[in-house]
Amino acid sequence: MIHKEAQSSEPILHDSLQSEELLVNMGPQHPSTHGVLRLVVRTDGEMVRETVPYIGYLHRCFEKITESVTYAQGVPYTDRLDYLASMNNALAFCLGVEKLGGFAVPERAAWLRVIVAELNRIASHLISFGTYALDLGAFTPFLYGFREREAILSIFEKLSGGRLLYHYPRIGGVRADLTPEVAGDIRRFLVQMRKAWPEYNELLSENAIFVKRTANVGVISGARAIAYGLTGPCLRGSGVRFDLRKNKPYSAYERFDFSVPVGAGIKGAVGDCWDRYWVRMVEIMESCKIVEQALDGLPKGEIRGKTPRVLKLPKGQVYVPCENPRGELGFYIISDGKTEPLRCKARGPSFCNLSITSEVCRDVLIADVVAILGSIDIVLGEVDR
Amino acid sequence: MDKSDNNPPQTAEQMLRAAVQDPRDLTRYLTYLNTIKSEGLSTSVMVVPLDAAINWARASSIWPLTFGLACCAIEMMAVGASRFDLDRFGAGAFRPTPRQADLMIVAGTVTYKMMPRVKRLYEQMPEPKFVMAMGACTVGGGPYCKFGYHVVKGIDRFIPVDVYVPGCPPRPEALIDALLALQRKIATGRPIIERYAKPAGGGKDGGAQ
Amino acid sequence: MTMETIHALLRERFGEAIGEWPPPETGDPWIGVKAEAYHDVARFLRDDPALKFDYLRLVSAVDWMGSSGAESAERLSSVLHLYSFARDHEVTIAVDLPRDAARLASVADLWPAANWHEREAYDMMGIVYEGHPDLRRILLPEDWEGHPLRKDYVQPEEYHGIPNV
């Protein structure tokens, strides 16, 4: 109701009412900025006229540090970029180093990497599901999302020893092999996840209030999304069917049968907040499919290839993109023949996805800013690096 | 419970005196309560040293500030969520504003750009306030200590820290343990005595709480 | 289209402004472009119907100081990674810039995605992108001195009373 008024071209305020523009500072400590993002919002009554994001409050000097330490020592730092998807980050970095160094990865290790990367994708989307509902005022989905996520974390704990930051993919392979116990855990988790998924939809996806808050809000067209360099669910939510796992397969992804969901405007326009949210929800089920196939067909063999103890990569540069839960995470690694890289630039998906905020958060309601920001699903660790 | 006859025989007055002497020991005044109950003095009146009552209230309803900086904040969220449930210890009510919070869990890397804001948030919190430094970064720079040109090497240089929780990130159990440690620390405070009764000699062991 | 054909196409169109095609021994190839022609080349890459690079992946700055080998001149590079959703091919463009006067035309008018990437390259490496709509520091505080990703950067002892050690 309110929203319809906001979108129509008629002025909301009568001539007799005078309003003053107000600058509102949102963040860096704000419950719905997902970390230390700061937005300066110019408001006119309930309407937002301009949004300027300020980032850098979590700039942890990732690129300088990776230039200063060896390749193997750089892997744990990649874990801490997008701390909700450590497996995927470390995987991208390792793939980059392996490509430049020409190291072969055993088949089994590649499949194990797929399993953990997809499980981590599910975990990350579960957090996104929970916190998005939290942003919009529903607390229960948060508890549901974390319930399933804890099951994944205990699997990862058995595999790698860590709950949040794993350091599991290593250059040339993975850290530890999959034991029958963990495999059983993963299968049990898949059953649990598939049972819980319809619950989630009943709870949130079809919830009338949630749909009102998200459908037709923050619409990003496909062309706009591409121009701003959006990737991942934000790009696919706008109807562009592009997934690096499908379009540029890496690490044995070409072996698996899965589909790439795109936004179809089920509840509103194509590319609105609900579409982006829904792409993530469908991706959870697609990832379950991949994990199941990988468990069924897991090849036997070594889990670590032969890499020298002291890594000295040949001169050259390489850019390796990977599909992170948030989009394209790429590492641009330049080696000049030393034990540490000359330059290691991380192309973070959240960084690029966030850059569209000032474009989308214009002439929307204040409450919509929170809905849009939550649907873009940023992780500040990787925005600021 | 009522007729506890293994206690040393004391009159109610003696017990009250003993309890007031050391407000840290809640059991003493509980014994006292039982006694006056059994003596039929009163069932609706509780006589408690004010310090003990205040400490008990403070320690059992710590409201943390919703304040996540980096990776550790995710573990902090996990502690508040289904499996670990910080509410069991009375500390699950995360407040979005520092004005309503008692505890600041500095969860994550503090950078130069963020440091003034952390300090400001701390200053905005009402007394008594407590700070928990969660994670290696907050304790001392962590993995970013050596080459991090933009990372604060330890938040305790700028705001007083009550409990340190090392780890990268610390496990939820570690955070719960830290909370229990903080509760123990709060229980040893003597807020009323320190404020109103100047001890002879002026020696004080407590901090500024 | 492979990068070699793209290089041939660019060479034909822009002549000497496009560097030689030396496929490197290891890693990905790239196309060197002179700074003067950079913006025109970028526009051509975006608009040419056969190329149609609609997606800017990355703008990154590289400091080559202290690198081993013959080409270790005192220079910076600004590297542009492009991809085309329409044609499914990619290209890497590198521009060499002098260290003391690193100035380059901005491509933020061609791809809005370049806006933040160029701000970051300015912040970290000190490359000034001319014609950028809003060239400010993005990650570091506004009053920060120096550009930390340069190889000769020295960490300051303190910043507004925050000691570095």
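Here the chain labels run A, B and C in written order, and each chain numbers its own residues starting at 1.
Definition applied: a contact is a pair of C-beta atoms (placed from the backbone, for glycine too) under 8 Å apart; a residue touches a chain by one contact, two chains touch by 3 or more.
Computed from a predicted structure; not experimentally measured.
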Comparison of B-C and A-B by number of C-beta pairs in contact, larger one:
A-B
Farthest chain from chain A, going by the mean of C-alpha atoms per chain?
B
Whole-Å distance, C-alpha centre of chain A to that of chain C, is 26
Taking each chain's centre as the mean of its CA atoms, how far is chain B from chain C in angstrom?
52
Roughly how many whole angstrom separate the Cα centroids of chain A and chain B?
36
Among all residues of chain C, which ones touch two or more of the remaining chains?
140-141, 148
Among the residues of chain A, which are close enough to touch at least two other chains?
56, 59, 61, 64
Enumerate the residues of chain B that touch no fewer than two other chains.
113, 149-150
For the chain A and chain B complex, residues of the former touching the latter
28-31, 35-36, 56-61, 64-65, 68-69, 76-77, 80, 83-84, 127, 130-131, 142-144, 146-147, 149-150, 153, 163-165, 380-381
Chain C touches which residues of chain B in the complex?
112-113, 115-116, 149-150, 152-153, 157-158
Using the touch definition up top, name the residues of chain B that touch chain A in the complex.
65-71, 73-75, 77-78, 81-83, 96, 98, 108-109, 111, 113-114, 117, 121, 143-144, 146-151, 168-169, 171-172
List of chain C residues in touch with chain A within their complex
24-28, 30, 54-58, 60, 62-64, 67-69, 72, 79, 81, 85, 88, 92, 111-113, 115-117, 124, 137-141, 148-149
Please output the residues of chain A touching chain C within their complex, sorted ascending.
55-56, 59, 61, 63-64, 67, 99-100, 102, 226-229, 240, 242, 247, 313-319, 321, 328, 330, 332, 334-338, 342-343, 345, 347, 351-352, 355, 359, 384-385
